[in-house]
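Read from first to last, the chains carry the letters A, B, C and D; within each, the first residue is number 1.
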Amino acid sequence: MSRLTFAEAIVGAIAYEMRRDPDVFLIGQDIGPFGGAMQGTRGLYEEFGARRVRDAPISESAMVGAAIGAALQGKRPIVEVAFGEFLPCAMSQIVLQAANLRYMTADEARVPVTIRTRVGDGPYRGHPQSYEAWFTHVPGLKVVMPASPADAWGVMAAAIRDDEPVLVFEQMYLYHAMRDEVPDGDHLVPIGPARVARPGRDVTVVATAWMVHRAIEAAAALAKEGVEVEVIDLRTLAPWDQEMVLASVRKTGRLVVAHEAWKVGGVGAEVAATVAERSFDALRAPIARVGAPPVPVPSATALRNLTIPSAKDIRRAILRVVRGDPS
Amino acid sequence: MSRLTFAEAIVGAIAYEMRRDPDVFLIGQDIGPFGGAMQGTRGLYEEFGARRVRDAPISESAMVGAAIGAALQGKRPIVEVAFGEFLPCAMSQIVLQAANLRYMTADEARVPVTIRTRVGDGPYRGHPQSYEAWFTHVPGLKVVMPASPADAWGVMAAAIRDDEPVLVFEQMYLYHAMRDEVPDGDHLVPIGPARVARPGRDVTVVATAWMVHRAIEAAAALAKEGVEVEVIDLRTLAPWDQEMVLASVRKTGRLVVAHEAWKVGGVGAEVAATVAERSFDALRAPIARVGAPPVPVPSATALRNLTIPSAKDIRRAILRVVRGDPS
Amino acid sequence: MAVDSEPWLEVYRWMLWSRLFEAECGRRNPRWFPAEGEEATIVGSFFDLRLDDVAAPHYRGPFVVYAMRGAEPWRLAAQVLGKAAGYSKGRSVPFNGPLGTGIVPWVAGDLGTTLGVATGAGLAFEYDGSDRVCVVSFGDGTANRGDFHETINLAACWSLPVIYVCQHNGWAISEPADSYLKATVSARAAGYGIPGESVDGNDVLAVRAAVGQAVARARNGGGPSLVEACTYRLQGHWAADRASYRVAEAVEAWRERDPLPRLKRVLDERGLADASALERIESELGAEVAEAFARAEASPDPGPADLGLAST
Amino acid sequence: MAVDSEPWLEVYRWMLWSRLFEAECGRRNPRWFPAEGEEATIVGSFFDLRLDDVAAPHYRGPFVVYAMRGAEPWRLAAQVLGKAAGYSKGRSVPFNGPLGTGIVPWVAGDLGTTLGVATGAGLAFEYDGSDRVCVVSFGDGTANRGDFHETINLAACWSLPVIYVCQHNGWAISEPADSYLKATVSARAAGYGIPGESVDGNDVLAVRAAVGQAVARARNGGGPSLVEACTYRLQGHWAADRASYRVAEAVEAWRERDPLPRLKRVLDERGLADASALERIESELGAEVAEAFARAEASPDPGPADLGLAST
């Protein structure tokens, strides 16, 4: 066990996998001597050199396309799109090449490419947009979004070893916010299964990344008021763990979903819709969704803070479904 | 009144608006002498010439970017991205420029740009992908998807006159499939309101584009069996008509959503989630969603037909929520 | 190069194979994209590649490239007919090919993105320190997509063994090249600090020479090159396109420069094949093509099992 | 051009304004992107534009361009401090400016897309048959984005009045230009059939001359041009970046070529301003900057009303 930050865990996982497999290498901008945005590749260049830690020109589409092409030749590239705001620049490569290659070759092709990117609010404050929902709509892509250092290491390692394209969304608030025990050596967190972050019997809160922590904060306070909240950390957004969520809702009869991204059309919509389809009879109250309001993410701190779902917002949503409080 | 096909109505609306406003012009590929994919710009070049019907190089990002920039200068460009499959090529311009400009200039900027594109299965068969759900997640964009020639004319005209960026998704099966009465002259269908395509009391089916017709087909058959289906044509996907859908569900107590795009993460998820949030108490049965299975859209006719939701699929979903039939 | 030591008869055979096979594709599928007239560019660009190299042919006329690398004609025909025997079981666009032949498959219809994937093959080769190369061809219209710029610049910066061949056929559907290109495509090479060359794309000798030189350079660590092969799209954009947007005269002028008769003349001058030998080849290939389509025609359509819902 | 008839003192004033204002921005906001050393390129590219032209400055150092076109310094300062008095009420990135000054605003952080929007301004002018033009500047790193290629080619094909100025400062964050450019940026112009020129970006006379020529050409229907102004990023990528990834010597060499002392020399040689006059200007501007930040500092943060939830 070592106590690592989220960023250290990500870098640790990449370094571990690069030591383990000579076909793993990294493509990105400023990932070399600079050490990556928010120190997200710190030390990798020093250990692995320019051949395996490749600084690229500002050309996200070429970076992702080249990574896909190398993956088709048996390499296992990790391509770093520094921030989620730049994913649109590589959109065709991701949704039309990476996602289609295996299916459109009758399952012959394998595309073991990992696309990592930074999203959300945090100490960096730049480029906060979080588009993960788009990619959950596209068959052929796996999408993970860890909430803890241990999971960050585990899903990054699993993504690198996965034979399908995997997008890893790294929430920036979490980057240096906490330290956490991470198992040493071969540590994998399978892509797919969610995690019960806090057990409870009265209401299920399905959350992602930063919002997992704010949900736990709200749950801790509500416990003192006699409301037992079960917090589920989704971890994998595609394919997501329907069974765990449905089982929890069957137990609690109530569902709240919370993420930092825009509420409308977000990942929470898919979770809510699936529960309304498959566990309707267990539902004893309306579903509540918590997410960002429908405006582009503003830049000024004072303004942005008004748009990020707070523990209080989650608390309000919980009380709405538990006690029928007005919205 | 004239009886027009869907394609004729789209072209008619564009021609009408171009006659009405000299600042309206069209950018695209093969929209000139060729008359556009599936005759989607037929006759416009002959009437308006090369200055207002501009054939562009294969560069979707530049086309959309230039249209946005011209819109900032007071023009009202229509940019044609021939098929939805090419929207990813212009993704940054759409979601980071068009969507943000007004908000990020404190409501000073106006971006009266219309982005039209063709999606779905149909006689053309190429480039069927339908990504409309992505854009409903992005604040600052309006998204319309008409199901009839009359609405096609009306929403296209409304989109061109709108001061915000509007994406118009033209479903290709509908292009030449039917003729329909379209009012002559100034015909506008406001962006926002949905339409009751067929009234009913037992179950609400919210559908888009082609699926509206398949829902009506299913409804007609079920009427003979005593099931009265209310079919709502959403028409506008963002901002969509929550009030009409919620009112209908409060009446019927049952909801089915149907679209041609992938079910997972599709527009139907947002509709289902909203109903489960805001009309939960009115729901008397689980919600059912109908959409494409989670595979990239295949090419061979025999295979693709297996992935497109049929009237029978919609019928099955209806009976599931009305009679509790097994899935 | 010493022409007579070269396999000109084989080159001719493949160009003719393409001409005949493509004709049948267009006859059976109105949405096929005919490559008639562009055979010298297509065959000349890929004929000399090793089987362990990667070939990423343009979407127009790729079948002959797959066939040269071992694809079964009847299974390619099956793709044109949307049959289950197609290499992707009917899943992909029909101009896709078998991954096993060392190609960059066509898994989507958006032009330009295959340039990125092909560049990645070169990246893998450079990473492994191997002498393998990738040849990728693309249209003169596709040359205006952002991916052209980003990928060639990346290949130049990393000195990747990738040869970018522009299959310049003068048209992008209904748009003439002079409307979307204000200079030669090869003139763009200087901006990336790589060699660029324009050649007569209807002269298979010239195409093989130019691409061969670029391949040799790439194998020796010399990095990428850009070759512009100027040819002409003799038919419409797709088989059913009457191409009423262009004047017949221009097309006829280019018919005069048809690459097949031109190579025939070379063979004749050099005494590499007499008329009867060429006739024999033509009838052999005709039979091969007919048989391929007959077999494909008789094969089943794809069904639920081919949908692969399990696999995802 | 006849130098003495030119407003060199005003040019100097703006370059100095930029130097002083940017310094304060960096002092107040560690995430500010300092433009020190690039003032000749920035001011020289936009100084001569008409107010009815459109200016689309690069994200590094755009404030002086907004100020030259009428922006209020204290409101720009408010943006750096995230205050409600910023032109976007705190919504946009801080390097945005007031739309009313005829600019292409910065509404997102992805580099390259503003090239498309700026090209659209040129499209509107061409559409109207007006003689207005758009000058857009961008970095040497940004020159590798697909939008560079697509938009310049579109402008070339449609002969749009757009001048593309590469603010080549030798770096893209921590990456040196020779790692992502294997030729001059101006060498790319030939591939689009447009004029391309590289100039000393620390010589404001040269920048004004090159851009001025391109602007004149565009006004007269001559279409787009590409100008590469070679300058240097004297500070780190952002104010807090210590730039430990590069050697101090190179930076010092470039400090020798600081555009401000260079212009000072010209003013002196030509007797356009004596030391005391220049000192007066410097103290005036210093006071102006201090006052702007003091006023911004004292102004309120944005609140719920500025979020504009109603408006969407």
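One rule holds for everything that comes next: a contact is a pair of C-beta atoms (placed from the backbone, for glycine too) under 8 Å apart; a residue touches a chain by one contact, two chains touch by 3 or more.
The shown structure was predicted, so the numbers you read here are calculated from the model rather than taken from an experiment.
Comparing chain pairs B-C and A-C by the number of C-beta pairs in contact, the larger count belongs to A-C. Distance from subunit C peaks, on a Cα-centroid basis, for D. One finds 37 Å separating the Cα centroids of subunit A and subunit D. Between the CA-based centres of subunit A and subunit B the separation comes to 30 Å, rounded to the whole angstrom.
Inter-chain spacing, taken between the CA centroids of subunit A and subunit C, is 41 Å.
In subunit B, the residues that reach two or more other chains under the touch definition are 56-57, 59, 61, 85, 88-89, 92, 96, 100, 103-104, 139-140, 294-296. In subunit C, the residues that touch at least two other chains are 88-89, 91-93, 107-108, 110, 112, 144-147, 149-150, 153, 157, 179-181, 306, 308, 312.
If each chain is drawn as a node and touching chains are joined, the picture has every node linked to every other.
Those residues of subunit A that touch subunit D in the complex are listed here as 29-30, 32-34, 55-59, 61, 83, 85-86, 88-89, 125-127, 293-296, 298-303, 306-307. The touching residues of subunit C, when paired with subunit B in their complex, are 31, 82-83, 86, 88-94, 107-112, 141-142, 144-146, 172-175, 179-181, 245, 301-304, 306-309, 312.
Taken in their complex, subunit D has these residues touching subunit C: 144-150, 153, 156-157, 179-183, 185, 187-194.
Residues 85, 88-89, 91-92, 94-96, 99-100, 103-104, 129, 131, 133-134, 136-140, 238, 261-262, 264-270, 272-273, 275-278, 280-281, 283, 285-289, 294-296 of subunit B touch subunit A in their complex. Interface of subunit A with subunit C (complex): residues 25, 51, 54, 56-57, 59, 61-75, 77, 92-93, 96-97, 100-109, 139-140.
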